[in-house]
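Next come the structures, one after another.
Across the two complexes that follow, chain A remains constant while its partner is chain B and subsequently chain C.
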Partner chain A sequence: MTTPNPTPARRPRREPSEALLATLLLLPAAALLLGVLLFPMLTTFRDSLYLNKLTEPWLTGFVGLKQYAQMLEDPRFGQALRNTLFFGVLTVGGSFLVGIPMALAAHLPGRTRGLARVALLLPWAMPPVITGLIFAWLFNAQYGVFNDLLVRAGIIDEPLRWLSTPGLSVLAMVVTIIWKTSSFVALIVLGGLQGIPKEMIEAAQVDGATSTQTFFRVILPLLAPSLAVAFIFRTISAVQVFDIPYTFIQQAPAQGLLETLGVYIYRTGIEFLDFGYAAALSVALFALSLAVTAVYVRFVRDGANS
Partner chain B sequence: MRSPTTRPSALTKRLSVTLALAACALAGSASAATTLTVFMGSQQRPEVFQPLFERFQKQNPNIKIKIETGGATSEAQNQYLTTVLAAKDSTLDIFLIDVVRTATFAAAGWAEPLDAYLPSKDTYLKAFLPGPIGAATVSGKLYAMPAFTDAQFLYYRKDLLEKHKAKVPKTWDELAATAARIQKAEGGNLQGFNFQGAPIEGTVCNFLEMTWTGGGSVDDVTSAAAKQGLGFLVNAVKTKLSPAASAEMKTDDSRQQFQAGNVLFGLNWSYAWAHFQGNSPQPTKVKGDVGVAALPAFGKNASATCTGGWEWGVNAFGKNKAASVKLLQFMASSDVQKEMAIKGAYLPVRKSLYNDKAVLAANPHFKSLYPIVTKARPRPVTPSYPRVSEIIRNNVSAAVAGSKTVDAALSDMKRDLTPLLK
Partner chain C sequence: MEEQTHENLSPAQRVGRAAALGALVVGGFFPFVWMVLTSLKTEGELQKFPVQYLPSKLDFSNYARVFSEQPFAQFFFNSLAVSLLSTLLCIVAAVPAAYALARLNLRGRGLLLTAVVAFSMFPVVSLLIPLFRLMRGAELLNTYPALILPYAALSLPIGILTLVAFFSAIPRDLEAAAMVDGTTRVGALTRVVLPLSMPGVVTAALLVFVNSWNEFLLALSFNTKLSMRTVSVGVTLYQGEFAFPWPLIAAAVVVATVPLVLLIAIFQKRFVSGLTAGGVKA
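Right after this comes the complex of A and B.
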């Protein structure tokens, strides 16, 4: 939400020395960004054009785009890409379904507001690897809390083997990622909710709108910019998802269904020591993230113009 | 600035190691002191090695040793070492690695071959167990010095076998029959047979052991022996000898369930023994009731087991290789191996220590372990071991879970292993 600002008082024109100072002050940050972002990006791209497989160190040299061609014929890459998109759709959608009600609970005055605000921050603050390990325990077939609750509630008779049954392991991972990422959506949406002037909601109520109508006709449209921002950031992080799948594949045999592109890159580079191919895979993931970011940039630009 | 001689905190360790090395470099030959940086995982019990290193420093006043720890799991350690060594970093001199990593480290050119530093290598190595030396050797060259060895054993409940007048099984069929009988008589949640079926390294070993003890090998995983071996594990779950969730069983789950008194026969590494005897964070219900035996075999085939354990490698990019090898020989010496066995219950890599009075006084079960560790076989020694392991463990785990048939799991395994093991 943008609120009209009063026009700032005219400032005197900047002195040239001030511009110089600004440039100088920005230089360290710029150098840092170039060093830790641009430089590795360029070296990764260079590496993707060379063979660098440490388990067969005699294979070296420039191969051009050969490793990109290899990717197209690599069924594991195709599977990892499909898995990434599959988990992306489910977990981005899921995090909105859970995140918006969470944001409302944390926003609307009521007894649960304090609790909801704590609940909202906790998953967000927890490191994803820890989240993955905790949920793997919760889903454990023998001692897991989820099985215990389901058996006690009489929903199932025998404990389910969540991690070693292919379909269930996918479900378990989706639930874990949604739990972890919903609070991000909720935080952004909460920010949006707090920017909606109370008067508009009161006006809707005076006009006789039910609370459902108020939500869908007034609140949701006003939330659109926040939702779009949350959606784009969630999509970028979903494309790059690594930590939770990485902890899950160490516990579940149906790895073909759980391996995302991020995990495949890690395994190719760090475990199989094929740095050249891992670099090519990373460039592919980068291209995918870039495509999502391009949508975001366009959205921000259009938003600024409108 | 910290003085390089004080014990640095974890946060400043890297920094002070660098400073120490820089200081050494600056001092040059004037001080003649060498600092060796030894990397090991934090779960590798650096506190056991620290006093031994201190003794070495006393004997060699020109050499200082710094321990650098990192990574709580084998994977995390490997990730760290991979990052450091792929960058050809010379700051580490020695690293402690899992035996399965030898061939990878050798092929990548990260581990220095030790042959040139050991003039009478063959005589020197005669006193060692063949398994750990085999695991440290690639194409006839020794790439690491065994630090301590390990193997998988059959742990059994002496009290339950006695109560039901059963013998320790020599064949897998006997094991299945005994387990079924006692399980039925005892009732409750007693597991007849516990093994690792999660997609982890222990599962690779379980599969290899089942195949080896049927006369098969990893070179032909669709052989009758391999089918029989994997079939036995899958069947154990189907007939409820083993828990339904065996495909999620990890090494330490196995250990804890045996320790809680829920298991009759279990496969596990040597570390489990100390836990069973009460040296453990969890209470033990099986103290004094645990026996250790060689793994059973199919029919008249010989027993076999997997070689585990860790070994010291010398960084090929390191600056102090001669001093590093000196430390390695010290760590593999009879005295040090003896002390590690007595104080840390590490399985020695030297044959004679399995007959040593002091060692046996501290670990009476070592005597019965000796014939087993001498028969321990290495997992495939290949630079592509990480992929080999992944292929085996995922397929075995899927078969144990019931999401793949034995035949499908083995033919998938063969398809993926063939290009790697040719």
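Right after this comes the complex of A and C.
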């Protein structure tokens, strides 16, 4: 292992300009990442220790960890956290159940591959807020096409009030998030599928394995790294979900059930102008994200070492 | 080989494959297609149950109203300017960084790459309040830089990681040959590596552009002046507290999504290769 050697003067002589060049090349990116992402995050830690509420400007000053204690007793925070985890489990799981078959379908040989690729990319590229709007319309109680199809198919007798019935609004939002996110899973899995040598699958088939056996015993284990990457990215985005709940809440009276941590932070900071408490909430979300990131970094390192 | 395995399929398997492909295509396209159909209907045609699937005639008046009821052309221009400039800034910062990480003898290279990965998971929502206060302090609220700076920074990790993957794939010999001929390191980057990795640069730029075009939370919070709104926020401005003029909203949604649909149709292979390769290597 190399020992840390911070003094530039003691650099090995043969490559003095290369280290300097590397520093210069890394500088713009480092400035952006540190200045626009890291520095603001550090100020959040500080802000979370101070009262700062624009609607009650007389309440100021250092309060230590009081706002974190407040969080623990805040039922709305508890609910938002539970909602976030609940939606996270359902939508991450759902995006895999839908995404893996999507990837298999898109991987099929044939002339329709281009069309399949666009079908995969479209939900991925659709802005989340627009996805929320579109599905709010598809789930519309009076004239929504989902009700229409369900009635025509004889599954329900009369239109359901999807967005104004608490349980149904949760289901509608889960469906919407799964539609939006399963194509990301599918794209990552597709990358994994393209990396599997055809010979391995043919060998399994020669040995008499059925397609189901081939899938579960050969393909799925080889997809493990892709699935792990997709899982971590999906978990991170589920923890941070904002756009789709935000659009749904505007149309659904059962807001409490749909409010995620991201929406609660937005409301606390931007709508209630309570910057101090919003900073504490932000730190909580950051910690949650960091935990997932740590798992990911460890995973990448293990992958690099093996 | 592919053809042969195709021939071996039983009729049931063929039907299964066609069904899977059909479900994928219908599932992917339907919501967007439905918005196009909705945007061409009148309020009267819309208020029917069972639903009338196709509009009686092609009526584009909703599209005219999108632009007359809100300054949507301005929203569109703002989105275009913010997305293009943040993409430019991001790529300009990502190319040299990725080159240094992919090619130069760098101490702590692994650690730096890990840091880039960690930054790619940074929660935007946690940054909302501090960035808001920062932008307010710098009097940047309701300006393009209020969005350009965070968009470029937030997409920088994915840009760097995508480019590192592409740069690493270029044979070192080509650079070495150029440098033997007297070209400098920077010359090797701009004259040898960069032209050869143009597909990678385009891929990275596309990913950054889509991210920026779609961003909602920061745009909603930082640029609240009507003339500074972007399309992702603009599409939400047609609804009242209780009124949802769906044909109008649908037309706005279609206009806001058309650039993305075009990019996907044109660059589908780049997107897929960028997402599959970049993601797994990230």
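Definition applied: the second predicted complex is superposed on the first by the 287 of 306 C-alpha atoms of A that agree within 3 Å, B and C clash if a C-alpha of one lies under 4 Å from a C-alpha of the other, contacts with A are read in each partner's own complex, and residues count from 1 in each chain.
Here is the rule we use: contacts are C-beta pairs under 8 Å (C-beta built on N, C-alpha and C of every residue); 3 or more make two chains touch, one makes a residue touch a chain.
Because the structure is predicted, anything quoted here is derived from the model rather than measured.
Annotation: superposed three-chain arrangement on chain A; chain B versus chain C shows a clash.
In the superposition on chain A, A:166 makes contact with chain B only, while chain C stays out of contact range. In the superposed model, A:142 lies in contact with both chain B and chain C. Which of chain B and chain C touches more residues of chain A is settled by the count: it is C.
Using the contact criterion defined above for the overlaid structures, shared-chain residue A:251 touches chain B and also reaches chain C.
Of the two partner chains placed around the shared chain by superposition, chain B is the only one that A:57 touches, whereas chain C remains out of contact.
Once the two complexes are overlaid on the shared chain, A:275 sits against chain B and chain C alike. Once the two complexes are laid over each other on the shared chain, residue contacts for A:262 go to chain C alone; chain B is not touched.
Legend: residue contacts after superposition of the two complexes on their common chain; A:73 is shown touching neither chain B nor chain C. In the superposed model, A:194 makes contact with chain C only, not with chain B. For the contact definition in use here, the residues of chain A common to its chain B contact set and its chain C contact set are 140, 142, 159, 250-251, 270, 275. Within the complex formed with chain A, the chain C residues making contact are 1-2, 5-6, 13, 17, 20-21, 23-25, 27-29, 31-32, 34-35, 38, 46-51, 89, 92-94, 96-97, 99-101, 104-107, 110, 112, 114, 116-119, 121-134, 149-150, 152-154, 156-157, 160, 185-186, 210, 213-214, 216-217, 221, 232-233, 235-236, 239, 244, 246, 249-250, 253, 256-257, 260-261, 263-265, 268-269, 271-272, 275-277, 279-280, 282.
The touching residues of chain A, when paired with chain B in their complex, are 54-57, 140-142, 158-159, 161, 163-166, 249-255, 267, 270-273, 275. Chain A meets chain C in the complex at residues 2, 5, 15, 17-19, 21-22, 24-26, 28-33, 35-38, 40-41, 43-44, 47, 101-102, 104-106, 108-110, 112, 114-131, 133-138, 140, 142-145, 147-148, 151-152, 159, 179, 183-184, 187-188, 190-192, 194, 198, 211, 225-226, 229-230, 233, 236, 239-240, 242-243, 246-247, 250-251, 261-262, 265-266, 269-270, 275, 278-279, 282-283, 285-286, 289, 292-293, 296-297, 300-301, 304. Those residues of chain B that touch chain A in the complex are listed here as 75, 78-79, 82-83, 86, 104, 107-109, 198-200, 243-245, 247-248, 250, 253, 383-384, 386-387, 390, 394, 397-398, 400-401, 403.
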